[in-house]
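Note that subunit A is present in both complexes that follow, paired respectively with subunit B and with subunit C.
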Partner chain A sequence: MIKEKRKGLSLTASVYLLAVLACVLTFVFFPQKSVINKYMMKVTNEGLIYFIATLGLCVMLGMGGQVTFSTAGMMGIGAYSTAIATTRFGMATLPALLLSVVLGGLLSFVIGLALFRLKGSYFSFASIGFTTLLFTVFSNWMEVTGGPDGISRIPKLDLYFFQCGNYYDYFRVYFVVAILCFLIVLRMRRTSFGRSLASVRDDEIAASCLGINTYMTKVFSFVIAGVFACLAGAMYALHSNYISPEPFKYDQSAIYLIMVMLGGVDSTFGAFIGSMLLTILPENMRFLKSYYKLVYGVGVIILMVVMPMGIMGFVTMLKNKLRAYFKKRRADAFQDETEVAQDGGMLT
Partner chain B sequence: MAECLLEVRNVNKSFGGVVTAENVNMTVEGGQIRGLIGPNGAGKTTLLNLISGIYEVDSGIILFKGKDITRLPAHKRARLGIGRTFQQPRFMNRASAKDNLKIGTDLLNQFGYIESFFGKRGHNFDQELNELLEIAGFILDFEDPITSLPYGQQKLLEIVRILLARPAVVLVDEPAAGLNKQEQERAAQLLYKAVSSGTGVVLIEHTMDMVMSVCDRITVLNFGRVIAEGLPREIANNKQVIEAYLGGGDDDA
Partner chain C sequence: MYVQLAITGVSMGMLYALMAMGLILIVKAVGVLNFAHGQLFMLGAYITWMLTYQVNLPVWGVALCGLVCFAICGAVYMFTCYWPLRKSPWKVTVIISTLGASIAIKELVRLIWGSIPLTMEPIIPGVIRIGTAYLSYQYLFIIVIGGGLMAGVYILFERSFIGKIMQATAQDRYAANLVGIPTGVAILCTYMISLSLSGIGGWLAAPLFLVSQSLGNLAQKAFAGIVLGGFGSVKGAIVGCILIGLIESFSIIITDSYKDAIVFLVLILVLIIRPTGIFGEKIAEKA
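For the complex of A and B:
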């Protein structure tokens, strides 16, 4: 027998509703100079961009269990292709952004096919190589990428019906995009793809015996991560209107990984918490000056020891414990009742 | 006789110098339970791994419904209808019971990932699941993490999961190991249920009363070779089999 399902609005439906509500409210009311200053708005926008990039990691690492360092590199692909398309070829910003996303998808498909010949940590090392290679290209191919000088004067995002003039406008658009991506990943968890990935993560042999093509499933997850990273990169280029190779270096990938781990690998919302915390917190920790890295490093170690599954993982653990506790109490109460009934029977 | 679903013909497999399958022949028919027994290390699980495609055979062929599947990868064999369970239940440890069961129905539906994303509905498996769980004999809270279930329930649930995919042949590896008498009976009932719908079952088991009462035919392996094949009562009286299990005398020396 299956326990009866709960009635009322399901969790997913309420999440969707909340998300739409948040979108509308933010678009209309939130970003005002009186609420948040220009600099923090910029930082928040960058947080949103990183969030989109980490969503890709959330799919790969959280759902698929594959550690990849390719995020920064793929962001670079997105950023540079958008920048080149708009500045050299004079494309409008929106088509350039879409083009770079498609390009990123195709590239990561081809690279994924090659890299997933390797398994586990060998794959991770190969992805470091891939990112380093991309970084070398970005910083040395002077004619195309401008080398260390980078590309400047990237036009501002133009959605045809809405022009982004300042960081506050950007926030509106990026917040909606981030929510959309968030919902896509949330939905992915409940599809056969999400389940396939989860079973690849936990047991590849069992997965293949259940009809899952483990190799292609991993490649698809790499493509999805690549698409998200490219989108984030393109958004980054349009947001800061100047790009250099530096933010697309391999160590930046490690930061994205930490964002996902901090938020909780199993949780989509965790990626949001992690990316926001790691973008905004450093700004508020400026007073630590050069000790910042020290505090940061110790913080990461403590986090991994105390909450190996991240903040959301910690929350879920508490939830499960409570659930088990209440279940036990209910069962005990039921047993007591029956015992009392039996005792009563004995007495009379 | 029912049609022959699965045929293993002259299959050989060795790991380095260790021969784990030597000219093994076996057939599985629809609606029949084929027992596969033998002492520890006889190559029973290896044979299942060869059939399900985890290992590749060194030589010999494997036919499924008359089609040669010897070189197919594991996931393609599973999609054709060869399901299996494992000695130790293998689930997605970080997922709920529901998601773990749905993997079985995903195998039946065989949707592309994109179709699934846009919410295409597959077979409604609620009723089937209810029936199977009733046979398995426990109440399942769908949202429970799979690791919170007792071992016995996990083992039964693994059989339920693969039966949800309605495979043509199920390979069951020691379903009764670690279960109590009642749960063993339930596992057997689940297999009967599969057989009644025309599925062929290969059963590896050490619990002799279960093997003898459940199986239609039995194949006995020892050191990778088939040493006997036949009806349960023939096997029970087979001298070679008894020797393999209890240790042979020196009479043939």
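For the complex of A and C:
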């Protein structure tokens, strides 16, 4: 059989092209007053921030299979260090943001070394402890964190060549940052680190037999998650200009986990869908009033029963089924053709 | 003062241990972390509050009806959050569904009983005088009941037929099925016992704290106790939880507001020095 050379773009290339086009269009036309109001813009920005935090979880949970509750705590580290550096020490916002990310990376390395001496469920328990510890410090260390009152008057983000004045400006900057982070995680899946992480998830003993240092692999995945969470936290502080300990609680970590599972645990794009849905949907569900959270909780259980691999997992399953169907049809058609040819051959 | 701190510490530890025992039983039976356990503990407090003040039952009636209610809750919980997901290849899906359940239970309680904390009279009112310190009888009552329950669970698991069934199911479900053990029933029993333990814990804790939705946060200490005690052993979890309670109550001497921070700091320090927990031994992993 001679393989037919397809004309024009292949399916993957056209998907990429469409994605780039969609991003550019979103960047140019979405943040306009006529398209979206100020409040919804703020909510969308928060969705982008949560997306960056869940990308870290995507690496930890989707690629590494480790359930961690440290995301909210690490976001708190990022937010508080940025806020303190800008308000107390008068640093410019960009260096403060970078400093807090570096700080978060170092801290999560040290904590990861300690926590990963535990395995599986016990690691999850200990990460809850870590988040609660941080929350206690945030809400009690009055002199530094301001206690329950939090820190206010955090300056707006200043990129030297671009000053963020309102939520529409913030969207442009955060959108670019989110795409960069997305590409980093997408690329990470194809590195040797990503593959060793996946092997640790699937079978830790087999992975160590192949010569993978499972302990350090897990620690590095924790560092990556910590860096993403810290970046998200710093962006959160600069975006809302005020922080209090409340959003960095253990309960919030559970919501990030649900975001990742909703979108599809094994998919980077799924994290985007999950975080956006869970941030924007509540705004449109106001009619449920006080029943909203109950519906939400029950919805999570039902989701896990119906779509255990999340929305993207569901899409992949559909795609595979369609592909198998078309393959079968093409194979049938090919068989008919050859049969006809053979018959023709025998006649002459 | 030290006697008082020790007694409050041990009784708080007993409350954590009741939760931790339930958690460990579920982890052993089905390998699932139950993140809704704190909320189930809170539900226990609310159910007993309802039975005492809305149905007006005497104490023994509350205990009896409460147990029945907890068992029913356990069955419902198992059939919603575990049974539909038992064949899922990813354990994480079950964990996430328990997270969903924790949100749902919290909201359900808020919708039924409101968000204003409710007060509950101690089961045995009055205070006892030890030296210069005054201590309410409730703390001693918790220690007695908690100890009794632990002994009861031990006897149930080690000496009774149903306990053997549950242990077999926990060790190897496939083999247990082959021998003819109804593993579904065994798992159901495990869930019922586990929820009854945490429900009773909620009943005991209700007079000390107010009956409110924040009772669920106590579960974090139970998690800490499990990690501190060692890997997967009920005995280790109990000792770990009592230690957590003692650390918590004695940390008042140093600081008041950083109570929780000290507990978790000690936990992380212990993990760095001895990652298997205090009583844990290195156990071979299942390949």
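We take it that the second predicted complex is superposed on the first by the 293 of 348 C-alpha atoms of A that agree within 3 Å, B and C clash if a C-alpha of one lies under 4 Å from a C-alpha of the other, contacts with A are read in each partner's own complex, and residues count from 1 in each chain.
Going forward, a contact is a pair of C-beta atoms (placed from the backbone, for glycine too) under 8 Å apart; a residue touches a chain by one contact, two chains touch by 3 or more.
Computed from a predicted structure; not experimentally measured.
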item	value
Simultaneous placement of subunit C and subunit B on subunit A, clash or fit	fit
Inter-chain angle, subunit B to subunit C through the CA centre of subunit A, in degrees rounded to a multiple of 10	80
Winner by number of subunit A residues touched, once subunit B and subunit C are compared	C
Touched partner set for A:125, first subunit B, second subunit C, both or neither	second
Touching partner for A:198 - first (subunit B), second (subunit C), both, neither	first
First (subunit B), second (subunit C), both or neither touched by A:114	second
Subunit B versus subunit C as contact partner of A:61, first or second or both or neither	second
Smallest distance from any CA atom of subunit C to any CA atom of subunit B, in Å, after fitting	9
Interface residues of subunit A shared between complexes with subunit B and subunit C	205
Of all residues in subunit B, those that touch subunit A in their complex	52-54, 73-75, 78-79, 83-84, 86, 90-95, 99, 102-104, 106-107, 109-111, 113, 116-117, 126, 129-130, 133-134, 139-142, 145, 148, 162, 165
For the subunit C and subunit A complex, residues of the former touching the latter	27, 33, 35, 80-81, 84-85, 88-90, 92-97, 99-108, 110-111, 220, 223-224, 226-227, 231, 257-261, 264-265, 267-268, 271-272, 275, 285, 287
Contact set on subunit A toward subunit B in their complex	1-3, 5, 187-188, 191-193, 195-196, 198-199, 201-203, 205-214, 220, 266, 320, 324
Complex contacts: residues of subunit A adjacent to subunit C	61, 65, 67, 111, 114-115, 117-119, 121-122, 124-126, 128-130, 132-133, 136-137, 140, 204-205, 250, 254, 257-258, 261, 265, 290-291, 293-294, 296-301, 303-305, 308-309
